[in-house]
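Order of writing sets the chain letters: A, B, C and D. Residues in each chain are counted from 1.
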Amino acid sequence: MKIGTRKTILLGIGAAMVLTTAGCGGGLLNSGASSAATSSGPVKLGMVVPLSGSSAPTGAYMKNGAQLAVDEINKAGGVLKGRKLELMVEDEACDAQQAVASANKVVSAGVVVSVGGYCSGATLPTLPIFQKANIPMIIPAANSQELVKQGLANVFLINGTGKQQSTTALAFMKKSGFATVALVDDNTSYSKDITTETQAQIDKDGSVKVLLNTSVTAGESDYSAVVRAIVAKNPALVYWTGYYQEGGLIINQLKKAGFTGKIMVADGSVDPSLAKIAGAGAEGVFATMTQTPDTLKGAEKWIANYKAKFNADPGPYSTQAYDAVRLAAKAITDAGSTKGADIIKALTAINGFSMFSGPLQFTPEHTLSSGGFVILVIKDGKFILDNTLS
Amino acid sequence: MSENIDTTLAPLRVGPPRSPISRLLESRLIGWVTLAAALLAPFVSASPYSLNVMTTAAIFVLLASGLNIVVGYCGLLDLGYIAFMAVGAYTAGIISKSFELPLLFTIPAVLVMTILAGLIIGAPTLRLRSDYLAIVTLGFGEITRITANNLSVTGGPSGIFGIPGLLKIGGLDVENPAVLYYLTVLVVSLFVLASARLGKSRLGRAWRFVREDEDAAEAMGIHTYKVKLLAYIFGAIWGGLGGVLFAAHLSAVSPQSFIFLQSALVLMAVVLGGMGNMRGVVIGALVISLLPELLRDFASNRYLAFGLLLVIVMVFRPQGFWPARGYERERATVDVDPPAVATKQGR
Amino acid sequence: MTAVLEVKDLQVAFGGVRAVDGLSFSAHEREIIAVIGPNGAGKTSAFNCITGFYRPTSGSVRIKGLETTGKRPADIAAAGVTRTFQNLRLFPDLTVLDNVRAGMHLYGGQNWADAILHTPRFKRSEARYTEEAHYWLDFVGFEGARGVPVRNLSYGQQKRVEIARALARKAELLLLDEPAAGLNYSEKQQLLVLCRRIRDLGTSIVLIEHDMGLVMELSERIIVMNFGREIAVGTPAEVKANPAVIEAYLGKDDEGAQSNGDA
Amino acid sequence: MTQLIWDGLFVGSFYALIALGYSMVYGIIKLLNFAHGDIYMLGAFIGFALLTSMGGIPASLSLGALLIVLLVSMLITGGAGVLIERLAYRPLRGAPRLAVLISAVGVSFSLEYGIAAIAGPNPRAYPIRLEGGVFEVLGARVSLPQIVLMLIAAGLMVALNFYIQKTSTGRAMRSIALDTNASLLMGINVNAVITRTFFIGSALAGAAGVMAGAYYGKIDFLMGFIIGLKAFTAAVIGGIGNIKGAMLGGLVLGFVEAFGSEWFGGQWRDVFSFAVLILFLTLRPTGILGERVTERM
């Protein structure tokens, strides 16, 4: 045992030493070189997404999507006269601390564009890090209003914002004549963002009535409390803006409790597992979502490539990640350099770049001019496009 | 009431440790070595990443040294220690954000709040037996987190971000990672020293007496309750300041950073390092916070490893990996002239 | 001259059992009193009431004329009582010196700020703690290493350390709970001498003891308890002659007989 | 209102099942088995593995299949409990309570992240789902699965109570709870009894896990953490170490939570139940049914 003790103690000291020696970018004396854009060699793109924790699957989808784009571009000759793209993926685990660590890591590795960001709560604290290094962020998934509130020059959202999602939701409610609605979020920043926005827009619009706006704690099994509340109010539509784990349970328990109204979920709940967890009750559940590959017309070829490469089906945000990389490449090419400032200028200038969500143009606050949100509906356990709005 | 220490499990040693390594580790030297390493590190690598990792590690050391006061010295198992850090971080964040103050000036408020928190959590619970205390502290930890998540003043789930830096006077901008790192190291090493000194004082002894045998301590005129409360308050202060550094470092505070897992990690640092032994705790903290960064594949299931490690360490060394050794210098000269204590002038 | 300790019809009950049932006695300065009686007579319970570990059901305890009934043990200790425990209650992982320092907690002499800043005040008081710890260890005749954890010591040594710890408290009243238990003859003789030297410091001693030989030789007054009651009190000679006592012992267990034998 | 009571009762029966294990173990070796909630999680995952290995089960047979799986999972989790006691707790008997507690925390971590490493960190949908008729009772919607599950829970608790009260082992358990050393002297094989206790407690938790999985349909590797705390709260409310108390506590906590989240809103539910725990521990640590014991030195 004593040997063991010493070993670990030495390991402890060793750890400190190794850290000091394992320097990624020169010490204080020759500092500054750490994150400077190099003029030759591969062009690095950083992607901080959840690879562990409850959102890990989505992280994998995004990673694959991005990788697909990188490979295509490299096959086509890369950027800036044959420089290859290189994707660096780091875990964020939807935790602020880990996100900051990973963000610093990719910055240190000298990435020129960040194409990551899924959990808004974890993405927020990484903003100042990329901003200090003046690295443009093309955020494919995270879409909390908070991200653009500070009006940072280097932050671009290519996923529809909560506001835009709410607009779509409201349009759908009016079109299909839901007079009363209950808003339920899971108390995460992403989810609350949507409910607050929806509430605000509904109040402004006035044609729909919010009977209930409440939150639940994520990660529990029994949601009878909120279910009781909903059944008591008996709204025509329940709008769940949290993630699929709780979404599935709530749908299931609502049905068990004999709730007869309709249910709609936000993009965070658009996942194959939702239907699995919700069971039979999932049929006919609506969702506000940006186009996913299998709802897009003409994406079949893309899906085929994806399957061929990763022999798995693409999932939510594969396309956004894919587009983020392509957009980054486009901006680098336009800018003709890997300098943050130039790329940012190029991004702001971009107009009509074609993406899955449609032709791209950024609003002054660097969000999509059109959110590209559509309504999906679950048929035999799969999300398919619903054409109420089209 | 009292907890009987099973002597057979504890490492039995007569006379001070002999092996050169352990003598080195017992010696004052080790502290300086670690500090020197910490100070020199940035000259080897000052990349934002390594600075970030090292700053995080330093803050973690501060937390561990604070929890060591509660668990190591006083033997009170606190499973919600991170709550104190949360209180500190949120107090600092809210005040500095709403009044546009540098974080440095929020410290008085932070001290008040954390001491208050220490009293609120400690006062009702410290009369409980140790295992109840563990659960109650866990409960308080969760309550703190959930409350922060539900209130709007704490920024709700997305928390507070864009927090001003520690200080900004002319040229010296503490938001520069390197400067912040050195500041952190300075503060942390001072507090580690302070808690080590506390451990070797009248109060520190009182804590140990309480840990070893409350009744006997009580019989010697030690107000065990007051002493425990003091341990709690000191622990809270350490945690609160950790929170301020945390806020300065991340420039953002959000509830996910204060889950039970974090409390458990700090506890592991204390236990693995050796309860009550400040040097051990510092090294334990460094190992826990740096190992995952150094061995990426280890990071994937580090919690499993830590969990198993906890059990193993407890089974084989209930005092912790590298416990505080109860040795001190023998009397230099054999006979001292009897001091004037023989008469009973009481106190 | 007020009594150092005054116990008035003390009663304590656990559920239905009356461990102590109306005990009254008092100890004066420089007096050595022995409390004897068969096992389960309520001796230790009485001690625990006096030192505040049990809350007496009724009755009162005064120390140097100060009412201490139902106070916290720490306050009672501060009032001038110190004790040892039936089965050693040392701090096993702490050094011999630290264990003795425990008795000096009430000296104060430093606060946490001194400790953190290592002020001269702190250094002075620490020096004093160490010096006096050594003094008391010498006083009880403790030989051997003092910088090592007590759990490494022999039983006899540990007993000495516990007494040294109690003495360091410098209280006017010392309660010894079976100090001779487990000691061999010569150790008992040393204990006897030690008790007298402690008395000469001006401390009065109340001890629970089963070793009649020791009790008869050492104590000035003996209180005999049975079923929580005081059945006899007086000088060793009187008690020896008291029929109630003989009945209590010879009637109950043979332990008394033996110890009478070696008395 | 009746719905509220029914829901509380239903959730409460889960708490009670888990609380029993806490209470038994605590009553006998005064150990707060921190990992107990994770045994519940383990049970859910074992049931999951068994059911998936069985392949597709027609809904008509699902109840029968569930009962079999329930029994098997109970056996396995029971074994796991025994193993844990052997490896992580028994070596520490007589060591400082702090050490045992920390060891328990370690076990809890090992279970959680061990399962995460094996089964992956993502939540799983349970292969079978208890569907069944729903009918109104005094204005409360009561579903058949709920009734079945509650009957199973009640059955288990009654059986346990009988076991504790009537059998020799039960008597041995109670005597150890009163005085371990004395029982040792009376020739009771303390270790054997402790082993049984862990087996039973863990088996009950495992059963609760499978039932939860089959009813709610979603399991993940952290599902045991919160409910473990809740179960402990239930045990404390009822009077820890007291079997009937554990059952009572579970139901009481179920109500308290149902009402609490009605008044304060769902997101405050946990805060509310922890507050209840803290209040009980500080004001009445012996719980509703627990009797005060004078500690003697």
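In this text, a residue touches a chain if its C-beta (ideal position, glycine included) is under 8 Å from a C-beta of that chain, and two chains touch if they have at least 3 such contacts.
From a predicted model like this one, the values you see are computed outputs, not experimental measurements.
J.: Give me the fewest steps it takes to get from chain B to chain C if each step has to go to a chain it touches.
T.: The distance in steps between these two chains is 1.
J.: By Cα centroids, which chain is closest to the centre of the whole protein?
T.: Given all protein C-alpha atoms shown, the central chain works out to be B.
J.: Compared with chain A, which chain's mean CA position is the farthest off?
T.: C
J.: Just the number, please: Cα centre separation of chain B and chain D in whole Å.
T.: It comes to 33 Å between the two C-alpha centres.
J.: How big is the gap, in whole Å, between where the Cα atoms of chain A centre and where those of chain D centre?
T.: Whole-Å distance between the two chain centres: 38.
J.: How big is the gap, in whole Å, between where the Cα atoms of chain A centre and where those of chain C centre?
T.: 72
J.: So which stretches of chain A touch two or more other chains?
T.: Only 52, 187, 215, 217 qualify.
J.: Specify, in ascending order, the residues of chain D that touch 2 or more different other chains.
T.: Chain D, residues with two or more chain partners: 267, 270, 297.
J.: What are the residue numbers in chain B that touch two or more other chains?
T.: Answer for chain B, listing residues that touch two or more other chains: 2, 5, 146, 149-150, 215, 319.
J.: Please give the residue numbers of chain C that touch chain B in the complex, ascending.
T.: 51, 53, 72-74, 77-78, 80, 82-83, 85, 89-95, 97-98, 101-103, 105-112, 114-116, 118, 122, 125-126, 128-129, 131-132, 134-135, 138, 145-149, 151-152, 165, 169-170, 172, 201-203
J.: Going by the contact rule set out above, which residues of chain B touch chain C in the complex?
T.: 2, 5, 7, 10, 12-16, 194, 197-198, 200-206, 208-209, 212-213, 215-224, 230, 234, 319, 326-331, 335-336, 338-339, 341-347
J.: Going by the contact rule at the top, pick out the chain D residues touching chain B in the complex.
T.: These residues of chain D touch chain B: 30-32, 34, 87-88, 91-92, 94-103, 105-114, 116-117, 225, 229, 232, 236, 267-268, 270-271, 274-275, 277-278, 281-282, 285, 295, 297.
J.: Where on chain A is chain D touching in the complex?
T.: My answer: residues 52-54, 56-57, 187, 214-217, 219-226, 228-229, 231, 245, 248-249, 252-253, 256-258, 273, 276-280.
J.: In the complex of these two chains, what residues of chain D are touching chain A?
T.: Touching chain A from chain D are residues 3-4, 7, 10-11, 121-123, 125, 129, 131, 134, 141, 143, 212, 216-218, 220, 222-223, 226-227, 257-258, 261-262, 265-267, 269-270.
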